[in-house]
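My structure is below; once you've seen it, I'll send some questions.
Think of it as A, B, C and D in the order they're written, each chain with its own count starting at 1.
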């Protein structure tokens, strides 16, 4: 395992110190492992709290700042944060207008956020939640844990962040979050495994000539394994399941995120193959992000997200944002 | 009628922590093919913190003991198992009440309340390949033994045997809850890590209450 | 070799199609392999042309846009572009105020840009050049090719971009570029080799327990190889040679760039160790970038750049920029 | 007096292209320890383009031939070798002039002008471990043979022998120019890739003009 770390057991604490040193405009609560807008709480503004296991940077800590999140709770690598972290974040950002919890659909995240919401309600804070479950690699069913939450979360945090910044109330912000969540789908592929520092070895073995199609951002197995294919073929493996899952035609926000170990030149190359497939499927990619936004430690791979967008979503997307991970107009 | 003292209950928790540390790698290994390879890490982080908390101020009632265990697990474990085990111990403690000792039936009622908490939080059904597939049979066995006047050792042995059987029964199951559900049918053939850590909980109880022979 | 590519021989062309599809506000001249501001040439504005081998993305193509470069010439992977590309770029961006070539100090880049400047002069365009040579891993000497140009280039392109956007003339822009260049130093470390697609195998062999200290961004050997160390120790190996090379005390712009295969969580962790060392050396890090800005394909590693800054440089740094790789205020 | 026709010169360039393709991997290999492992790729990309260009419109004068080679190399090779070889052929062509054949002395003068171009562009001195350490001795040998009335074959053989010796002499040198200078003293013990590709240039000349025996 070759990583810039001091000790596998202190990765999160050490990384948070780095965030504190490097990112202006945020305050890092090292005890609770919460990254906060420096100016939180903002009176009268709906507070947005997200969080999840670490190892997906810039998500979520990199999206804290004006126009996006008020707080992000950082769990251990690939492990949901705990309710007390979430409660601390919720209390710190509540400006009297209530707090929205943005949760990715993993049992751990859902349960811990649920407990945190109960605790916050007990302290008189109004909390609502939205659960993102957009990974088409997983068969959907009401009888199972359902789909994993992946890339749509990033786009949701930006859009909902703009709405909260603009003063929308908790009901409106929640409704908007549910709209984005319902309109987003993602699909990922891994060329290599990631290596969790505490484990010290790759999470899964993937032969040199194989790739994992439909991988999860924690190294969860995908739909199937097959021979390493060309970027052109891989593009089809990402686009087709999304287009088969829902009618994606019309304006959209598209994100191609690297998983941490894939360089930008490859992401652009892959996007060059994805673009015509999306167009052929009627997707009008109005806004495009190509880069590392939701990662899986050092995994080589990529994840495609398509969020159907209307004028409202595009307008909120374009609103100013000032975070380490996304910044424009500010 | 035989009773279990708070010292006995504390020894149970201490013993559980030791078993978790001993089996940490194995639990994580079980969590690899169908999960994210952290169940041993998560449980060990939590139970190590529990040990430290108990050692600092030894509790004098069952309620204080189990609420402490619950709060520590909830705030240190994370993942799915943190809130689930946390809820288990929270309800267990609330139902046991501020007593310094419990008879076998009362302890069984408290265990059942803990299980109900896990079910209402996690929404899993028996057969979904989760920890409740070990907890459920174990608690049922305890209650059955307690009702028929068994000794603590007999009840604990029966519960542990049922937990082990429940754990092993998860192997062929197709997961419908938790992270293992993502792999769908490919989850069959692997033992559920949460069921394995739950079986250890009753192993610790058996160890503390004696083989009951 | 596990990469998102179609064919090792078409990587550059395919990646440029991806840039064209993904990045608004730029025009990609696929024949000449030049990425241009969509609105080039801007009448009366000094044109800024950079370029170099590909494989360092986002540098340079990701820095084309308002407030930064007017054009970037993309060479084959790790190979300088050719004079005709540079000439095409120079002609395309000349708005009558002359053009500055921003060149990294590699023989190939220097010679090709030199020829391009001669050709452009012959066509009546006034061209000046600045050569960045900031890599302290290389011993400096007037008898050799001198130091390699690395991270200072990114910071220079931003600052000089703001000056050109503000209407400064070619002499002023050139003087400013030389000031930034003189004030910047960089030092890198590799944990793994990169793999050039056309080569199909790692450029160098690095045992699992070794790292290359002072590596170049093309996989050039560094100062020495040693046992893989902790982030805390590595931070010292990056900071010390920079501080020994020049008096870096006072305000500065600091960049910690990943080399392509290193995830953000590790970069933040490493920056957490670098920050106190810089502070102890009197460096007041006024502006900080942590992320992938100048990369070496899929190499796991990092490169630290410190540019001494005064009020002028900070003001220009803060000016609006709207590129794929750096964006704020726009 | 013996002369070299433009057809002969064209055959030289074609032969050089073939040798570059043949030795591509070897040149890249030489560029690995002290460079960036692309010299063979660069030269092959350039000479393949040269072949295509020459094939399309066979040139009728030395100037047209070499200027074409130069422009193609300059616009396709990139790196350090592109402008350097480009300059070499550009000056060679300009000095040779619009002739359909050249005597040995004139060709030698043109080669020398090419070398001077490389030196003024690259600022390398003999002994800096670059292509001029092969080009220099080779051209010197050619000029010496031409002045003493040797046959084309004899001159070419002498030039190739000198180029090979010059190439081999770069092995112990410490690089002071180009990418190899970054590794400083550790460049000693490795043959310079540009010197190797320059030796191939004179190997092609020897092959075209006959062994001269």
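In this section, a contact is a pair of C-beta atoms (placed from the backbone, for glycine too) under 8 Å apart; a residue touches a chain by one contact, two chains touch by 3 or more.
By chain, UniProt protein names: A, C = Dihydroxyacetone kinase.
From a predicted model like this one, the values you see are computed outputs, not experimental measurements.
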item: Identity of the chain that, by mean CA position, is farthest from chain A; value: D
item: Centre distance in Å when chain C and chain D are each reduced to the mean of their C-alpha atoms; value: 32
item: Distance between chain centroids, defined by C-alpha means - chain A, chain C (Å); value: 29
item: Mean-CA-position distance for chain C and chain B (Å); value: 56
item: Chain B-chain D separation of Cα centroids, rounded to whole Å; value: 79
item: In chain D, residues with contacts to at least two other chains; value: none
item: Chain contact topology (line, ring, star, complete or other); value: line
item: Pairs of chains satisfying the touch condition; value: A-B, A-C, C-D
item: Contact footprint of chain B on chain A as seen in their complex; value: 53, 75-76, 78-84, 106-108, 111-112, 114-115, 138-139, 143-145, 148, 196, 198-199, 203-204, 216, 218-221
item: Residues of chain D touching chain C in the complex; value: 28, 32-33, 35-38, 41-42, 45, 74-84, 86-87, 121-122, 175-179, 181-184, 186
item: Touching residues on chain C, where the partner in the complex is chain A; value: 2-7, 11, 14-24, 54-55, 57-58, 62, 191-192, 208, 211, 228, 230-232, 234, 256, 260-273, 275-276, 288, 290, 292, 295, 297-298, 300, 302, 322, 324, 327-330
